[in-house]
């Protein structure tokens, strides 16, 4: 099961802005991919160090520097050469960040969580850092998720909107991919909830409760990842950063609506799961009721006659009933009558 | 049972603004109805393509273009010729939208949910898109619900208010119809809750719990559909769009009040249903208590005397009581006394 | 039991502003009472139609037109002659309104709920509409409640404050009466909750749970009626309408405080009732525990010895114990010892 | 037990501003104490009527008029001579007020609740009214609580801060005393909660649940009294009244912090008590589980062997086992084996 | 267990601003450490009284006065010589403060809680007071926690950022250390919750519930300490104090993000613990169900046959079955058939 908190303690006591990686290491190496494009031209290469990107920034057009792997403090520290504040570098390396947006004037820093379906029905969470400058975008992801392949594909097309737009549109595309991924994760989660719901109605087994609990915890994790994004994009839309041009703002509003839709859906999941837990508990209590009624019926029907039979199993010498020829059949009648009478009485009193 | 989320995943990775239909197909074809009216004149026709509507827009008067069927991406894409943003076209086709209002300056886009009672006691949800321009309204619904027939009837009347008013009043009428439908759905839901309440008081059966759960989930779905409309219309009223004239604003306020009334009622339903679940659970526990008391009464009355009878059913050679002529009647007395005494004792201790 | 929603469906599809009565009919006829007063003069009469009131409005002084009965669409529709918007007339007739205040510039419209103790311990809800103009007040109530008799009595007194004040003070007086009524209803509800609390402590009976549930639902209804009044009067106080003079504002603040007090008290009732339900449930579980312990004590004490007795009731030919003269007393000792030992063991383990 | 609401109904129908006492009478007479002080001078006397205070107000220095007893409508009505609005007088007499602050320009009116530990572990609530004028303070308490004795003692000291400060500082001192009292009440309540917590852990008795419920209700009452004070003092601090000088504002901020601290603590108490109730309920269910397991163990071990013994207690003529010399010991083995086997089986299945 | 509230009552009735220590005494003596630094110079000494610090304040550079021990009212009262308001001194001594920030213009006062893992799995809470002046920082902690040793170490380094920055950066460093400590405490708490979660899944023991309750209460305490810090730092960031320079503001935003992250994590812990309690309760109920089913199976299988055996154990003279050679085997068949039949019937009815 996913641990609740990442190890942050190794950073305690270090001066602010010290670049230290926090979190698991999700890729072997830190790969740096550079894409430079203008209206007519496109260049794409793998680079070894951040320094190689600097000449591109001086040229017209948009530069996109994408790093896969967030653990290599040495390499990522060089991002300072783009003018980034040490606290930004620190945050890129610390993968236990809360989703946030920070405008530093010359550039803006956005950190958010990408979700994907992992193995064993657990949702994988990966941290994405996006730095948006005037004419460049730096993005850092923890491992090779391939989530942004479709963005690269878009840039490839000569007449795509992104080729005519600024760095802000590119950043929007990355953001949009992340939010689109939320829908995919939600879709699968929704399917699992629906399946559990069906199971609950048709007849819950011993694993139902555990699965219900597991899904609730997944929803909680989801919510914790997505909820702050709502404020972040909402704030982005309201207090317009100078880095975001008006024609991109329409797209931001769209991704904001998607985020609210995601948040809403998560809340609905939570309520549905709560309702299902209550239904499960109520059904459980009902079944208990039924079983206890069985016990009571048996006790009602058999224990009193057994008492009578025991009485006439006693070995007293002077038991006049024993000698009577009617003793046996009358006792049978008494026993049957007693059982039936009690059943009838309890029925009438609506106890059964 | 209604699935929790529509399939959005087929859209993942496509560039923003790609028109793709999401959701079920609710009508065979996409029908386009055009209504053009001025103070004195009225024209009404079925058109084959959006292009046929363009000449009407150039003429004075109001043009209403109503599309039934939201799945035909090819046809609806042509709405771009009215100057709509690709994101608007995308949203019209995606029937998994959250209720929202977007002001694009030249026109405004409102998407909301229409509810109606479906078969099998489930509430049907249909998406309505309304585009309000200076002198036109475009509305798109998913299937032939007939909800706007009364609006067409109003336009037919020569001296109706709508004939003297602008496109904003027409859009208001459509909105008003949708909200009126909410009341009808609520009314039926309320009746079902009241009936369940009666059933709960008179004596709940095994299906009561399931029905209770079902109604709660319906209420949840309802709330999810209606809740955002509250903010949307509230925002509409506050930050007046230039497309809405002051004389129409009074009507918007009215429909806003209705929406709040709907939201309030849904909240009340939720609380009533929660209270009913609690009552159900408490009654259930009470019944369990009663049944277990029956068990205890029986055990109290019969088990100890049975023990005594068993004792004198033993076959020991030397059991002096067995030979005594008083043995049998005294044993009877002892058994009766023991049962009665225990009952009395537990009564006194208030255990029964 | 009160139904959750009034029939609104008969209005669906009608053009906005159509005057249709919604709700029950609470009085036979619609009675119109007119009171006209100036500093020195007072005139009071029953009128047959709204038109008769028009001359009074042209004269100096304040005119109060009070209608008892909200079902007579024909008659009340004539209020349009005072310049009221059709939507206001529609709202006066629709007794399923949510409490609201609307400022139309020339006049303001306030609709709220009056509560009173009805028969069968249910709270009666009646809708009150108040229209405040420059020099007139129109008030409409559903039935002859007599709630405003004390206001008429006040006007009767020559030197009362109301005679020196404007129409706004008269409207305030009506509002104040309605809010005062809330306290009376709350007082009775509080007494019933206190009585139930006492019953809960002294020993709950089978009707306790039902009464608890009933009171919770009453509180819910109350809350739904009063809650919006809080915002309404609060808003009234903040964004001063031109119709309300500063010297009346102090009184409005007072009635606002009362409303908050009512709302607070309702919330307290809700929490008290929730606490009582929890106490009831916990006590119930405790009693169940006690009863089951009785069962266990009996089983512990009697079932094992009964087994031993049964053993020596077997009819095997070769049972050496049976022939021993010590067999019987030793068996008794064994049986007593077994029962006592088990009891002691369970006691020690704190299972009993 | 404290009743939930005071009798307000006797006021219904009276014109606004009618001085009527609502609440219990807490002191025999209404005592009026007057303190007048300047930097160098101090005068203190008991007065018979409000009129005697008027000359002091005309002199330089600060006048403090303190009334003990809020039931004497006749006497307190004379406060009008200080220029108080009739609604203020009405509110002073009505001891069922919600905490509030009202600025009337010339003077301000603050009403709040003083708490103290009463007899029988119930918290006593008393209403304090404070009127702050330019150079005077009027305070009214319901009974002789002695809460303000320390303020009088402070004034006695020639060089105390209060002697150099204005009426606002005196009002602050009174307010501060009331809030200080909250801490004392909270302290005792906290001790009782801690004691109950210990009792819960060491072993709850039958009175635990009742005490838990009682403490929750006390906390609810507390919260209802203190909560509004938070907004009141917060508002006081924000929108500075002209009656409060900047140097006093620092002290108000201090008392505001205390109030928030009180509110926070009450919320913590509420959560702690909720957690304790849940713990109590869970422990209760656990104990039930244990007891039922005892029942099951006994039934498992003894009922099947008893059945076997009963079989061989039958009196059929042809029962070959009875004549076998091995019959008896084999039956014993069978009975022991059956009991042990079932126990083992259930253990293995983890049912026990 | 930690008591809920500290003894504040000894302060009741004292004039505001009286320096009285409230809380436990956590160190033997009050130690005063003075650090004075400029870009090139650094001086560090232990001082005996606040007065010794005054000359340093007159010199250029930053002075940091750190007091360990908050109980010595005499000594700490002398802080007044730095121009601190008596209320600030009072608050430093009262260790039962709520986290708050107060701007006094010349200086600002921040009080917050430092958390650390204490013995016996309980979180230790210590109060930290920070006074930020133009060129000095005064910090007071209750005991020798050593939490700020790393800050001293930073100052030691000649080229550290802090040596080039103002007093505000030093104050930030102290604040940052406190918030970093929260993460360490959270990390350990998270580990304990995870361990409990594992225990809950693998099989809860009797101590699970108590531990669950303990962790919930710890989380509650944590939340109470940290929650107000969120507003405090948030407010600090928004309404910039003149004491905080723009270049430090970036760092404050960083520590604000950390605080929000802490608050979020605590909320998540709360929800996780609630979910675990619910899972525990549901599993408990399920186990009860299982055990009761065992009881029912046994009763079903053995009680009815036992009744039959008892019947033929009766000693009536005229029992024809007893003499029949088929009596015994037929009875066996009947008994087996009865048990099996009932089992089958209940299975079919899904009662078992």
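Note that the chains take the letters A, B, C, D and E in the order they are written out, and that residue 1 is the start of every chain.
In this section, a contact is a pair of C-beta atoms (placed from the backbone, for glycine too) under 8 Å apart; a residue touches a chain by one contact, two chains touch by 3 or more.
Labels paired with UniProt names: A, B, C, D, E = Magnesium transport protein CorA.
Not measured: the values here are computed from a predicted model.
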Mutual neighbours - chains that touch chain A and chain E alike: none
Residue-number overlap at the chain D/chain E interface, same or different (half cut): different
Rotation, 0 to 180 degrees and nearest 5, that superposes chain C on copy chain E via CA atoms: 145
Distance from chain D to chain A - Cα centre to Cα centre, in angstrom: 41
Inter-centroid spacing, chain C versus chain B (mean Cα positions, whole Å): 25
Residue numbers of chain C (touch at least two other chains): 285, 288, 292-293, 295, 299, 303, 306, 310, 313-315, 319
Touch-based graph of the chains, sorted into line, ring, star, complete or other: ring
Successive chains along the ring, chain B then chain C then the rest: B, C, D, E, A
Residues of chain C touching chain D in the complex: 150, 154, 160-161, 172-173, 176-177, 180-181, 183-184, 186-187, 190-191, 193-194, 197-198, 201, 250-251, 253-254, 257, 260-261, 264-265, 268-269, 271-272, 275, 278-279, 282-283, 285-286, 288-289, 292-293, 295-296, 299-300, 303-304, 306-307, 310-311, 313-319, 342, 346, 351-352
Contact footprint of chain E on chain A as seen in their complex: 1, 3-5, 7-9, 11-17, 85, 87, 96-98, 100, 102, 104, 206, 209-210, 213, 216-217, 220, 224, 228, 277, 280-281, 284-285, 287-288, 290-295, 298-299, 301-303, 305-306, 309-310, 312-315, 319, 321-323, 325, 327-328, 331-332, 335
